[in-house]
Amino acid sequence: MSGSAPPPSRPAVPVAGDELPMVGQPAVPFIEIEALRAREFIPAAKEALTDMIGEQAQGKLIRPVFNWAGRNSLFPLHWGLACCAIEFAAAFGARWDAERFGVLPRSSPRQCDLLIVNGTVTWKVAHKLITLYEQIPEPKWVIAMGNCATGGGPFRTAYSVVPGVDKLVPVDVYIAGCPPRPEAMLDGILKLESLIRERGE
Amino acid sequence: MAASAPKENPTNPLSGVVRPLATAARQFTKSLIRPSTIVYPYERLEDPKFRGKVAVASGRPIGVGDVWDNYRGVHALNIATCISCNLCAFSCPDICIEMVSVAGDDPKHPKKCPQIDYGKCSYCGFCSDACPEGCLTMTTRYELAVTKRAEMVYSPERLHEVFQRKLPMNPIRLERPANEDAILLDAPLCIGCNACARDCPTKCITMLDVPKPTARPGEKLPRRIWKEPVVNDSDCVRCGTCISVCPKECLFWGTHK
Amino acid sequence: MQPDVLRERLGPILGPRLLAVEPFAGTAGRVRFAREGALELFRAVRDTLGYRHLAMVGAIDWVDHREVFYVAWSDEERDYLFLSTDLPASDAHVESATPVWPAANWHEREAFEMVDVRFDHHPDLRHLLTPDEYAFHPLLRSFKLHEPEELEVKTRNV
Amino acid sequence: MWINMGPQHPMTHGLWNLRVRIEGEIIEEVDPEMGYLHRGIEKISEDRHYNEVITLMDRTCYVAGLAWEHLYIIAAEQALHLEPPERAQYIRTLSDELQRIASHLMWYAAFVQDIGLMTPFLYAMRDRDLVLDLFQSYTGARMTYEYNRVGGVRNDLPTGFTDRTRKVMDWIYARFVDYDHLCLDSDIFHRRCDGIGVLSARDCVDWGVTGPMLRSAGVRRDLRKDRPYAAYDRVEFDVAVADGADVTARYLVRMEEMRQAVRIVRQTLDWLDKNPGPVLADRLPRWLGAPYAPVGREGYLLKRNFPTGRGFSSVEEPHGEAQAYVVNTGGEHPYRVKFRSPVFANIAAAQKYLPGYRVADIPPIMGSVDICVGEVDR
Amino acid sequence: MTGATLYSVSAALSALLLGAVASILPAPVSGWLTSADVVTGLAVLIFSAILLVASMINTIMLIWFERKMLGRFMDRRGAMHVGYAGLLQNFADGLKLFRKNTFRPQEADSLGFYAGPTAYMVTSMILFGVLPISTGWSSGALPLSLLLALAIFSFAPLFIFVSAWSSNNKYSLIGGMRSAAQMIAYEVPILLAVVAVVIVSGSFDLNVIVNEQQNYWFWFPLLLALIVFVAGMLAEMERIPFDLPEAEAELVEGWNTEYGGMLFAFFMLADYVRALIGSILVVLLFLGGWTMPSWVPAAATSFPLAGIFWFMIKTYAVFGLFVWIRASLPRVRTDQLLRVGWNRMIPLALLSIVLAAVLVTVRCLPFLGCVPPVGG
């Protein structure tokens, strides 16, 4: 208790526990979002079913189902490299909540499908990155998040930095940004989903 | 109040379990109807409805609106007003801007405009700060996921497309301060070749005649055109193009006495 | 602590090995010393003057010679003290400060790998940041970074 | 048995490797291995203009970018003999303190995960995003700000900023109670964190440990008080000190620092409301007024002589005391830039505060150190 | 609560099926096919198939329930975009893991590596055959069904340890050892807490235990035993605050660090199967199973499948409690966990036995009514 200073000045606005005074209008109402999603869900489901039936006609019943499963449950490796890792974490925070898309970070590469390279890759860590990539079982994808992973970023002239992670492992989606916003990362994951849908596995 | 570490565990097992449970439960009841998640593809913080406000859901803030005016995303380039001064490329710390030719009116002297590689850009805004004409600005666009590395390179035309989309742009323009620095001429070295006046992006250099001195006996006059550049300081954007094209290195930075 | 006070108190201990004490904004002063007196100076600075906390050790390559600098903090003076010594580039070594300040350990390892200054009697002088195989010292002026254009060419062939 | 924790391990919060020798579950010896994120920032800085180094500073410490910009800027201004206007000083103070809140919230989010608490991570990230929104509204980016310039700051605060900031501060100040309910009032939290990772004040000083780790050992040392920079001599606040030197004490210190930061932010906001003015120094060398004309890479400055100088700065960034040393030899690039990160020393002391505890104690102890590998490796 | 039960339905189905098949077959075979033993055998098969599918779907929905509920505790939404409200998310996860490459690390022991997760999964799933969900759920009376359930339930640590040891990873090994130590330490208090229930109800048969709770549920008189049982179950299920074997922060993923693909899905699924079974046991032993107290209006207890309906409601509520605890408490340390297990939980459980004995002796409780005669 050595500080014994007066308690910090109380806020002038009545805090009343925790409510922040409402400045603007409420955000998009819950019902509206649900309606939007429902409106989108029905055509999407219809389309998916038509796709499946079409594929089935070609004698491929199972593949579209697994494709659907694979693209909707991408487990990224829980690995923070540098700056982008903070935005990576923020995307799993309450505001953006990447888990909505079934993206759930796992700590062991054996249980992942997706390697998100979120930061600068140095030559010292390069072979470890390759090992981790190899430990991910097939089918697997790689996202180069941010400019350092894409091409070395501001550090690409340095002696210790790999100028782009595509020199080490094949990259499926590049996300530009320094660092990309969490929305941009989610956009990259959605792009990967559509890529899997087009390309198969 | 200065913090003070307790000597022993001040909580007892019962309240030490109940208090956290109660806190979590309180949050649960609050977020039951509307958690503070922004449903990203459907809701975006840069939507006008959030602008100028603290976005609120169920009485809780989920984001501060009005933050997008200043955001540094993809550039927008107005090719029409670009003067090819090269300042953006010079000021880029990451060397991601390259001046490339765009198809223009004059096929003989194509205009050079910036091409930006977003795989290298660090979005620092130095280029748009340096742009003297305000034709290169940064917009709020940030979704840049591509499947091929080459798609990250935005040609001037593509940047112009972004400009035409009329996205919200960074409104904070910096005042160009009174600048004492000027292009000075080391007159005896000049040969009057007109290179500076020809390449000046703002055409603020005019070549004025200088009187041809009469040669004294024994003295050999230099072979040159008897003109000298004069810089109009109020129009000059201080891009330094003239200095770099000068074959005799007779132009330099300085201040008027 | 003013520079002249520093000179008065350090002078008798170091003698001629104390080269100069210059004022340096933001610190109590910049003490320049010859490397032979390193350990005595460190001890004196820590025990006599009370600069118990070593904040930073670094090295600069001045092409013809190398400079090693130490920054220490005193809780009583509430100020930093800047020590620096010049070493010839051909034979850059100085006594390690680890016996006096344990905190110097990693700083000296870093200075060793970056600017190629050897610290005598250092307990564990190996690379800290770069892999052990790196034979070059990046922060030497003679070491040049890749040119960006050159890098493009180089990586395109990979 | 030696086990490697890292470079890919949930405990590390960054790219480093903690090699631990254990006997049963007891730690016998540790050997931190750094350098996996060494990007040569000091070397690259030698090839950049004074203002362009700022873009590297944000990436050096990615959780406290503005504090590191401030650190570099003070040293660079001293080396270049420039003085920023007073309003810029206040804005920098404001930025530093907002950054302290954001950084400590990030620390809190990472730390609670280390002891197995899942929920507060989300709460802290949610509230941190509000602070980042404030940053975005005046610097234009969430994490890499590029806001400070040699001689001031880039732009003034936008209209309505102070009101918004006050509201967000009120909200966050009320949230700290929730955080304490989930941690400090939890019996298991005390069982996990009390009395582990003890590093006495004497060892702290010997090993160069600074920041909340030092203050948790009862040492009242804060550069903002001892050696005020920017506008810290004109605002009122208290130094958060705790005794115990363990993980709980560090938690208390950081929580108190966030409260004090809110206090400082409110004071600077009041001052900024009343005192408009310029935010960038008038007479900058042409090549420093970044927006106005860069100097180019070919060296147009050769025909002019600029003053030389050395700059040394030291600021209290969220992790501790950071130092910068900038040598200006009259060129357009700094001759040498040297940074010292507080985390560098705090990790180096791991061989002092880890042995003797259990493997399960490593995450809370290392979590309480608040590691940002970017600034250690640079 | 009479009428069609799951077993009677499957018996009828079996008889129908066999009758149809027998009608087109010659006499000796058809006679054998329609004999009581064969019909019963097929009925059991059908019964278990239905049970398996139902419990699988239930487990997967339980994961969805946890993810959504955890999301609300954390002020976020949880899985949401796969299927409506994320209902299909876990099916996608399961299918994806099924599709992934199965592999074995080079140094891993082949037998243990493959057998461990499989056996873990199977022993967990078998339990559903033992636990009664509603009246007449299973045909035969199992007089010692509670003991059987607990015996199978506590079999799992062995397989965890086997798979952890055979995957040849330091983190797995530490996790496996922790898991074994922790499960053994919490076996004893769980059994002792169960003894209290057995004393009051007078039987090891779960059906009887539930029927004993017609008048009042056991949670109130046996609150102490309930607390011990829930804490022990948390440890058995390896959930926060007792999820040390998988402690993410220090042991990367604990004993399943080296597992991926289908084997990992086995672990994941078996974990939630165990969580479901833990909740079911709590409901059966302390919350009256499928019964409702007599003061509840008859309309609420007599509609078709009311027993299963109430049972599921209670099970999910209990599981919600586990999620709530997970959302708000940190993880304890191994030594603390074991100390609490041996030094605190066992005395508490012993005390609860004494209380149960007193209860049986006194027989009547104020406001609650009397205990039915022992063995009834």
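Order of writing sets the labels: A, B, C, D and E. Residues in every chain begin at 1.
Keep in mind that, in the parts below, a residue touches a chain if its C-beta (ideal position, glycine included) is under 8 Å from a C-beta of that chain, and two chains touch if they have at least 3 such contacts.
Predicted model only: the values in this text are computed from it and were never measured.
Visitor: Counting only C-alpha atoms to place each centre, which chain is farthest from chain A?
Guide: Looking at centroid distances, C is the chain farthest away.
Visitor: Ranking chain pairs by how many C-beta pairs touch, which one is first?
Guide: Pair with the most C-beta pairs in contact: B-D.
Visitor: Report the chain whose mean Cα position is at the greatest distance from that of chain B.
Guide: E
Visitor: Quick one: report the Å distance separating chain A from chain C, using the average Cα coordinate of each chain.
Guide: Between these chains, centre-to-centre, one finds 44 Å.
Visitor: Taking each chain's centre as its mean C-alpha position, how far apart are chain B and chain E in Å?
Guide: Chain centres of chain B and chain E, defined by C-alpha means, are spaced 62 Å apart.
Visitor: For chain A and chain D, let me know how many angstrom lie between their CA-based centres, rounded off.
Guide: Centre separation, chain A to chain D: 26 Å.
Visitor: Could you say which residues in chain B touch two or more other chains, in rising order?
Guide: Within chain B, the residues that touch at least two other chains are 1-4, 17, 20, 23-24, 27, 35-37, 39, 52, 54, 61-63, 93-94, 122-123.
Visitor: Please list all residues of chain D that touch 2 or more other chains.
Guide: 9-10, 35, 38, 40, 43-44, 47, 55, 119, 121-123, 126, 129, 144, 167-168, 171, 178, 182, 186, 188-189, 191, 238-241, 243
Visitor: For chain A, which residues are shared contacts with two or more other chains?
Guide: 2-3, 5, 20, 23, 37, 93-95, 97, 100, 107, 124, 152, 154, 156-160, 164, 178, 181
Visitor: Which bits of chain C are touching chain A when the two form their complex?
Guide: 130-131, 134, 136, 138, 143, 145-148, 151, 155, 158
Visitor: Which positions of chain A touch chain C when the two form their complex?
Guide: Touch residues, chain A against chain C: 123-124, 152, 156-160, 163-164, 167.
Visitor: Looking at the complex, which residues from chain B come into contact with chain D?
Guide: Residues 1-13, 15-17, 19-20, 22-24, 27, 36, 52, 54, 61-64, 66-72, 87, 90-91, 93-94, 122-126, 129-130, 138, 170, 172, 174, 176-177, 179-181, 237-240, 243-244, 252-254.
Visitor: Under the stated contact criterion, what part of chain D meets chain C in this complex?
Guide: 34-35, 38, 40, 42-44, 47, 78, 205-210, 219, 221, 226-227, 310-314, 321, 323, 325, 327, 335-336, 338, 340, 344-345, 348-349, 377-378
Visitor: Report the residues of chain D in contact with chain A in the complex, numbered from low to high.
Guide: Listed in rising order, the residues are 7-10, 13-15, 35-41, 43-44, 47, 55-56, 58-59, 62-63, 106, 109, 121-123, 125-126, 128-129, 132, 142-144, 166-171, 173-175, 177-178, 218, 220, 238-241, 243, 259-260, 262-263, 266, 373-374.
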